[in-house]
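Think of it as A, B, C and D in the order they're written, each chain with its own count starting at 1.
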């Protein structure tokens, strides 16, 4: 287990701060499918944002703007919870047409 | 429902949906996901016939500003206070709420609306600002939801509006035909005051029953809005109609709401399967009837009443007899004692696509009752409509251009039950807004 | 050290008086301890309470096994158990009764007509009268026991009656 | 303790006394569920709070599991949090007690120790505390009402110390102390306030400036390290407890120690135990000393952390130590017995052990004498 920190360097009880949490690139876990949103259907209820287990739903202020390529692991939860059927899982290689959002951020920040 | 629970209903005409306290309203408002925004419109707003911006008014309540919430409501629905009580939110906004998809209860939009609108009236918030008079005059016939909404909208835009109604109080069916446990009279008086504040003149007990009377109004104004609704109950002659204890639904409810509650006796029956039949059945329970039976000639599947209304009636102890056609009322000494019923079976589909009920020969029976209320529907005001030149009807309904609310007589516009055959108050408001736009275009265009 | 054991039925106020005796002891400058012995908590069930009063700090926490004073608030208990069990050589058993039962004839026991005294002073319960008697047996000054009782019960009971009833119970042993 | 403690003393039960201490500290939140014999603690505390003595938010939860869960949330959020329980309540809480310790939640909990069912019993033994002995919580046992009160005042300081950050259980014997009235001197409100000080924990959840995640997931990679932290915290706690005891001792002029040595001078046989029975044994020791017997008592105050080194040092010159566990361990030996054996490993001090006091059967002086004399059965007072 190289690269892991010794007990002395861990905060009591394992409290994590955003700054000292490592950022595993869960986006690399996707197995061939990714979510895409049809914005014309999106009512911005943000259930996808509430449910996403990897905080991969991107917002600007309180408006849905897309998915975070770095974190989205393709779990399909967003598509399952979307009450208006605006999110669909598509093959990874699907091109992103206009009105469908997919954002990639290699830095993960 | 147990006899005990049923007994507790007797005399209880309090609101089925209690008002929210300030704290409850805040909690409820905070639950709203605030759908809507830059993409698709929030489903609740889409579902609202009056286009109320639901997420915004709820956000304003959540932010602790019920006054602002009320103004958001009034912007689209000047009768927001009444509609909050009588809207079938279960099948409109609340049915479309995203929470339903989460196995959660829908946000209580109706009660939140009531909270904000009532707060506004209690705190002297005027629903709309009055624009400067624009010199145009419009008459509104009928002070029901369609007429009041039309009058208020026009007045707020600077029109000089006079409303005529044959009854002693405003509100139309809200006042006279909606069950008292939904809305008694409040907040109609406050809404009437608010309309008066916008300059609307309301002439009550002003029945227009001649071409001459109508011509006088026509002379005064540039357009006339018909918010006349439907008239009396559908005429269905049944042997024994003149017995004491036989009622038609509108006089029955009106008597109740006017403070002269009908004596229903121990057993009551209601004929019909619509929302009015459900209301009357539940009123009969509250008036002390121990057994209330709804007689409907088709089955539950064909009932026009909202399913939740049927369910609530069932829960309160109303008994339903399907495929049962009342054929005669029997009595002793001029007083109703029983209704003769003809059981039916469903045959081939009729013109309406519903399977036609056919009598089962020899199966007829007598159901002992003390009161029977016929709630089969209303009939069009054909007599009044015949006074207007060039007005075309379809199935007894006023024919309009759905884009403008304009009738086939260009000076006349219409909305509400008179054009849709009997629907909800909020649909009347929605239709009135269409007509207001139509009237504006009509009178402004004429001037130009 | 004086060790006191109280016998009563749950609900007769034995715990209260066991604590009042301790309170009085404290007022008199002694070290004290008071604790009840609970069984299943049912009104009417026989229960015990204990009080220890000493010139030295009390450290032990075992129940009183060899009492110097036994107080029986409920005379019928005498027929159900040996209330004098473990009584120290110069110990005394005080019973709330008009006449001592046969079974206590060989024991250094005293009948205290506490219920009668309590009634004479308009009190419903005799426990405070027995408290007076216990204080006398334990050598605690009357005023201390009266003060302790009035401090705790004065809100519910008339202070003068309380003082008088306790004094009369105290006098039974004088 | 000498009679001088009587000065300004008042009579309170152990339950009331601990509640007073807690009310004087005035914690922010007190989630709690009632259980005999802890009931007088929360009853008194609630009364004091209702009378304005404390401004605490008392949360009536639906079980002890919820009580400790709420306490963790509260403590993590940044509120000074206390609770109380007993016996089955602690058993129901046990799962969450481990979580509280693992999350390093500085919660103070008053415990009225009581036997565990079955058979159903409401009286004292230490089985409940033993059940969570390895959870990572600090457990301090009182001998008297006064000490239970004092421990309660000191517990917050120990629990909240940045090197410790562990729950502290202020244990007292159920009924024997919780329901026993003894004279005690309350520390003045202001002194308690000053002594305990402001509640400050690092990185509270409600600190929106420094956002944190607590109650994390840790697998093979970090679980060992994070659990090991508690060993370090317990080690630090030994120093912190000693310091806090010393500081408070200065304030109230009463001695405190993690390990009370009573008549160890020249003692050949020494009884080792925890809780209120120590007082009874002290009387026995005094009597036997008068009779010329070289006996003594070593009373364990801090069960966790277990001061093994100090125990070994104290017993160095002693020929025989007799461990009295107030809990049983069917199929093995109970905790104090086993841990004493470990502490003495390689030492020349002989070890003997008994189980006593189960379900409220108090040890009487005669039995104390028999124990010293080596004439007592393994389970004290057992009828056979």
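Details
One rule holds in what follows: contacts are C-beta pairs under 8 Å (C-beta built on N, C-alpha and C of every residue); 3 or more make two chains touch, one makes a residue touch a chain.
Predicted model only: the values in this text are computed from it and were never measured.
Ranking A-D and C-D by contacting C-beta pairs places C-D first.
In this assembly, the C-alpha centroid of chain B lies 70 Å from the C-alpha centroid of chain D.
For the pair chain A and chain D, the distance between mean C-alpha positions equals 48 Å. Mean C-alpha positions place chain C and chain D at a centre distance of 34 Å.
Per-chain Cα centroids separate chain B from chain C by 79 Å. The touch graph of the protein chains shown is a line. By the definition given earlier, chain contacts exist for A-B, A-D, C-D. Listed in rising order, the residues of chain C touching chain D in the complex are 19, 22-23, 26, 29, 31-36, 38, 55-63, 65.
Taken in their complex, chain A has these residues touching chain D: 1, 4-7, 10-18, 21. Residues 1-3, 5-6, 9-11, 122-123, 143-144, 173, 175-177, 179-183, 276-280, 282-283, 362-365 of chain D are the ones that touch chain C when the two sit in their complex. Contacts from chain B toward chain A in the complex involve residues 33-43, 98, 101-102.
By the touch criterion stated above, chain A contacts chain B in their complex at residues 39-47, 62-64, 81, 83-84, 86.
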